[in-house]
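Read from first to last, the chains carry the letters A, B, C and D; within each, the first residue is number 1.
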Amino acid sequence: MTPTGLAVIGAGYWGPNLVRNAMATPELRLEWLCDLDQERARAVLGRYTTVRPTASVEQVLADPAVQAVAIATPARTHFDLVRAALDAGKHVLVEKPLTPTYAEGAKLVALAEERGRVLMLDHTFCYTPVVGRIRELIASGELGDVQFVDSVRINLGLVQPDVDVLWDLAPHDLSILDFVLPAGVTPVAVAAHSSDPIGAGRPCLAYLTLWLSTGAIAHVHVNWLSPTKIRTTVIGGSRRTIVWDDVNPAQRLAVYDRGVDLSAAGEDERRAALISYRTGDVVVPALPEREALRGVMAEFAAAIREGRAPLTDGRSGLRVLALLEAAGRSIQNDGIRIELGGSLR
Amino acid sequence: MTPTGLAVIGAGYWGPNLVRNAMATPELRLEWLCDLDQERARAVLGRYTTVRPTASVEQVLADPAVQAVAIATPARTHFDLVRAALDAGKHVLVEKPLTPTYAEGAKLVALAEERGRVLMLDHTFCYTPVVGRIRELIASGELGDVQFVDSVRINLGLVQPDVDVLWDLAPHDLSILDFVLPAGVTPVAVAAHSSDPIGAGRPCLAYLTLWLSTGAIAHVHVNWLSPTKIRTTVIGGSRRTIVWDDVNPAQRLAVYDRGVDLSAAGEDERRAALISYRTGDVVVPALPEREALRGVMAEFAAAIREGRAPLTDGRSGLRVLALLEAAGRSIQNDGIRIELGGSLR
Amino acid sequence: MTPTGLAVIGAGYWGPNLVRNAMATPELRLEWLCDLDQERARAVLGRYTTVRPTASVEQVLADPAVQAVAIATPARTHFDLVRAALDAGKHVLVEKPLTPTYAEGAKLVALAEERGRVLMLDHTFCYTPVVGRIRELIASGELGDVQFVDSVRINLGLVQPDVDVLWDLAPHDLSILDFVLPAGVTPVAVAAHSSDPIGAGRPCLAYLTLWLSTGAIAHVHVNWLSPTKIRTTVIGGSRRTIVWDDVNPAQRLAVYDRGVDLSAAGEDERRAALISYRTGDVVVPALPEREALRGVMAEFAAAIREGRAPLTDGRSGLRVLALLEAAGRSIQNDGIRIELGGSLR
Amino acid sequence: MTPTGLAVIGAGYWGPNLVRNAMATPELRLEWLCDLDQERARAVLGRYTTVRPTASVEQVLADPAVQAVAIATPARTHFDLVRAALDAGKHVLVEKPLTPTYAEGAKLVALAEERGRVLMLDHTFCYTPVVGRIRELIASGELGDVQFVDSVRINLGLVQPDVDVLWDLAPHDLSILDFVLPAGVTPVAVAAHSSDPIGAGRPCLAYLTLWLSTGAIAHVHVNWLSPTKIRTTVIGGSRRTIVWDDVNPAQRLAVYDRGVDLSAAGEDERRAALISYRTGDVVVPALPEREALRGVMAEFAAAIREGRAPLTDGRSGLRVLALLEAAGRSIQNDGIRIELGGSLR
């Protein structure tokens, strides 16, 4: 079986990772690395490569050996690049966020479906062993009902020139949430607050509250100004609660048999007496250590080959955009609750 | 100098700590431990004590050997007890929250002033070495301007019968904030979201956003359902940022010379180029280990003796009540921003 | 049932803990706190006590209301005090080490047996929930064979005036080892190295190697000069390995299903191929938080009442002394291996 | 300036790291990757490379474009390979340990000097920012006199087919020690204990004690069977103490102003009174994150170009071998202390 010919577009922060993982994926054959700054592309490829650098997207898209492109350019360029690639008949893997607006994203999703091409979001975290396990724990019912989600993603981050902290970091949390929530549980409203205490011209820290269709709250804290790096997600369930601490490789995931139980039969005045506390064992599941981008590449290649939607398809990117846009509207309106129209899943 | 005669009222969860620390404070002389359940009072005092248990508040308040009372009963009883004590001419130390409403609290503050008696809040954390050091770091300018505050106080907590998680836990964060913010910086608005995912009949987790008069945001996360105990406060400053991790005694406080700086002169289009990152050393200051309640007792005794307001006086308790009430109103109104009328400090 | 009358002798570093826990134990009735410095005893008891301070051991031992004594004085005074107490017909709980020499300790053990009195060592750690669980895990076979033990007990400690670091800290590790090793597994030889890099006149850090009767090694590192406090014991088993981190209350004990397995049938040249690695889950057992000294007091009272040897009897203290003396001989002889004569259990 | 032509020999565990870092070093030009298993070499290089794989060392050594080789093969092959490379006039970078015996290593060092070629040990850790900083802290006197060293390097490691745990892991600790100890301070004696509790046919855990010329002790614990990964080195100084925790990237190095001081003037009987304790701040120095092997490659290239000995030259490898051999003799003789003849530095 011949591998799928691939070009990577964008040799900036993330592009080299795409290059490295594409090169390690047998089902892909990397043909080009494209960047407006051809010297940068050349430098990323190094002195020992047979992959060709180019500054011309047109050249890449015109190459019949290229069946697919992976796009790691600034978000504002995604719409034109993805459209051009789809128009040229290429399958597309694109960095998050899909586009700067929901409307643009929706056009791309429609175009991909019309063209019969794969449009996949690089929601990298969804391909980590830990998120895969979390999804299983929820889907299998081991966690019980999802009662709350709290996600913190803060560190001394690069203040991005074209996106605020919400669009930079929250797509991770929102795409993970989209990936692990059980079928039928969807966000129904959003509120957000943000701040730009250093005068950067855009929010550098933000808090996002999501109301789920079950009544549960999911909360996201993103911050570029924290001196310490924290990436912790707690998902409280009626049977178990999980703590995912991504900066602790020795114990990335812990499943707690701890919580508060309430007997269903209680009348109001006797309620306190019916509360009980579980303080059972904690289990730290063994998880393989493997690079998530390897999984992204394999899924992209498999979706192309099998002519199916990838796990993180364009629609998952759209759902993230809907949440980000609603959060932006909330911020512009003093943090009011914004209802999300229609089903998001 | 004869010690001040003291009675502790309430032998429940916190009362024994007041008893133990009062007994260890030379400036105080513990006369009574009062609880409606006299057996409980007796059990707290143990078999070897000369302190008298009683079930009668009247007996305590009628005792001329008692000049002061420390009240550790449920919040709903505070108003009547504090008023009776002040009416009986006693100085009062009371657990947080001062009262269940701002209006009641304001009456007690007025009454104490009228009677010329000390009314002190047991804002215990304000008397820890770590909070004292944080206050100094801010007051001395070493932190620079406060750019953001993020406080997390979560663990598997007791679901309280008469207060929600906000009134149970957030008074700690709010009183600490009140204590460490520099003169002239005050909260001006509040928004809050909460959830009761276990059907306890009251919020079990809540998120609180405070806008400060400088434009900075302070955020508080309180949660009774978390399987892990986290008590972390980050205070970002323009010169330094501190991380206070209260469950890490080996490194409770760390001062980071890390952050994002922005040159003032930048025009919009050149802004990105003017951002710079400090990644300097971290200093973990040596702090004494001493029990905060010892400091509370010493301050209470000193304020009585010197006829002055204590560090955490009734007004500090009122400021906390104003924030809690505003948070409650926000929760009842879908999280809208509630402006705080008038100066809170 | 009337409680057993108790006197605590020694109001220094550890005595107050004995006092506090004795007072909280219903089966005991604390009569006296005895210290040569009566003011210190008075200060420890505080202003509100009905317990009597005294400077006279004779007075205590002559008191028929006293059936038992708990001794927390410097090690060099233990022999005379324990002997006098046993001669006066009292049961004795004594701090570790039992005596400064094995010979003295053996006399006390013989005397206690002759007198029919309880002689118990305050090997406090053996009464912690964590050590109890470790003992169970080993006894039940869940760990499999004990393959190695590594114990580190270091911090910035008080340089003791009359004992070196080995006699100060290693009794903890050695008594725990004595307590948890399965029946029939005993130390058979010892080697030790030590150093006094600050010129304190006695070893301030030491390394102790014990060979067990199974061929396994147990190693102990004690150090008064470490700036950080580490108290970690790893017990490697053929089926599971446990890590006990005593300064991490959130995860004091972890049971790892990780290890290296070797198929028994391998010939030498094929050995490498027969090695396999287990990398299973980690379980953090739920353990109660309770003060170990409470358990010590309860066991002391129960042993007296039931006329039986306590869990940590005089012989357990003797076994620790034999190891300490052998370690001392090894240090004086350049670290040579010292065989332990006769069975130690 | 033309880069130095390099061949990497050995495409096993470590070889790919040498390949990757050589390719990223401008002063080097990677010509060959050589492995007896040419398919493995091909797989390491990947599908996009211009570097040539080969199974023939002879071909590599005969190539005039190759001026230098980096050898990452099993230790037992080092002697023949290094000798052949030096005989062919190549400069050599070799993995630790240099050779399985001191005698062989000494011959290679002599041969390299005779041939005027660079012989460098890949003591990787010496090129990390953290070890560089430790060396500076000691050399500058900031730590004061080195009072003790304690190094723990344990994890669930691969049981090596041809070396025991001491030869596998301790070279790291010993080469670091060799690198950071101040001029004139050398090991003078060694004792070691080891154990093979799983029947692997070679020691799987070992403890190594080194006496330094100052009287201080350095201790090393290496273990292949630990379920947790610990890589911690404590270096106690008379003025500061450092703790290097290599598995904690957020705080790899901490400098403690804590310790025990002893006034010099004390007579014996008053000694206790003259002990004082420093409990000052802790400083966590900002350190760059860069891959150590990049530094190894740069140093190798620079030493070749400048015709000088590299920082970790053949003699540093010899000093490590002397310690390993002495440790082995100690193990074979029940752990007796082995004096090291002659100066090791």
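The working rule: a contact is a pair of C-beta atoms (placed from the backbone, for glycine too) under 8 Å apart; a residue touches a chain by one contact, two chains touch by 3 or more.
Model, not experiment: these values are computed from the prediction.
> Relative to chain C, which chain has the most distant C-alpha mean position?
Ranked by distance of C-alpha centres from chain C, the top chain is A.
> Where the centres are mean C-alpha positions, what is the separation of chain C from chain D, in Å?
39
> How many angstrom lie between the CA centroids of chain B and chain D, rounded to a whole number?
A distance of 53 Å separates the two centres.
> Return the residues of chain C touching two or more other chains; collapse runs of consecutive numbers into ranges.
In chain C, the residues touching two or more other chains are 228, 279, 282.
> Between the chains shown, work out who touches whom and classify the graph as line, ring, star, complete or other.
complete
> Quick check on the complex: what are the chain D residues that touch chain C?
Contacts found on chain D: 147-148, 150, 152, 154, 156, 159, 161, 191, 193-195, 197-201, 204-205, 207, 209, 215-217, 219, 221, 223-228, 234, 236, 238, 241, 243, 256, 258-262, 268, 271-272, 275, 277, 279, 282, 334-337.
> Once bound in the complex, which stretches of chain B touch chain D?
251, 254, 257, 279-286
> Residue numbers of chain D touching chain A in their complex, please.
By the definition above, chain D touches chain A via 23-24, 29-30, 46-51, 228-229, 247, 250.
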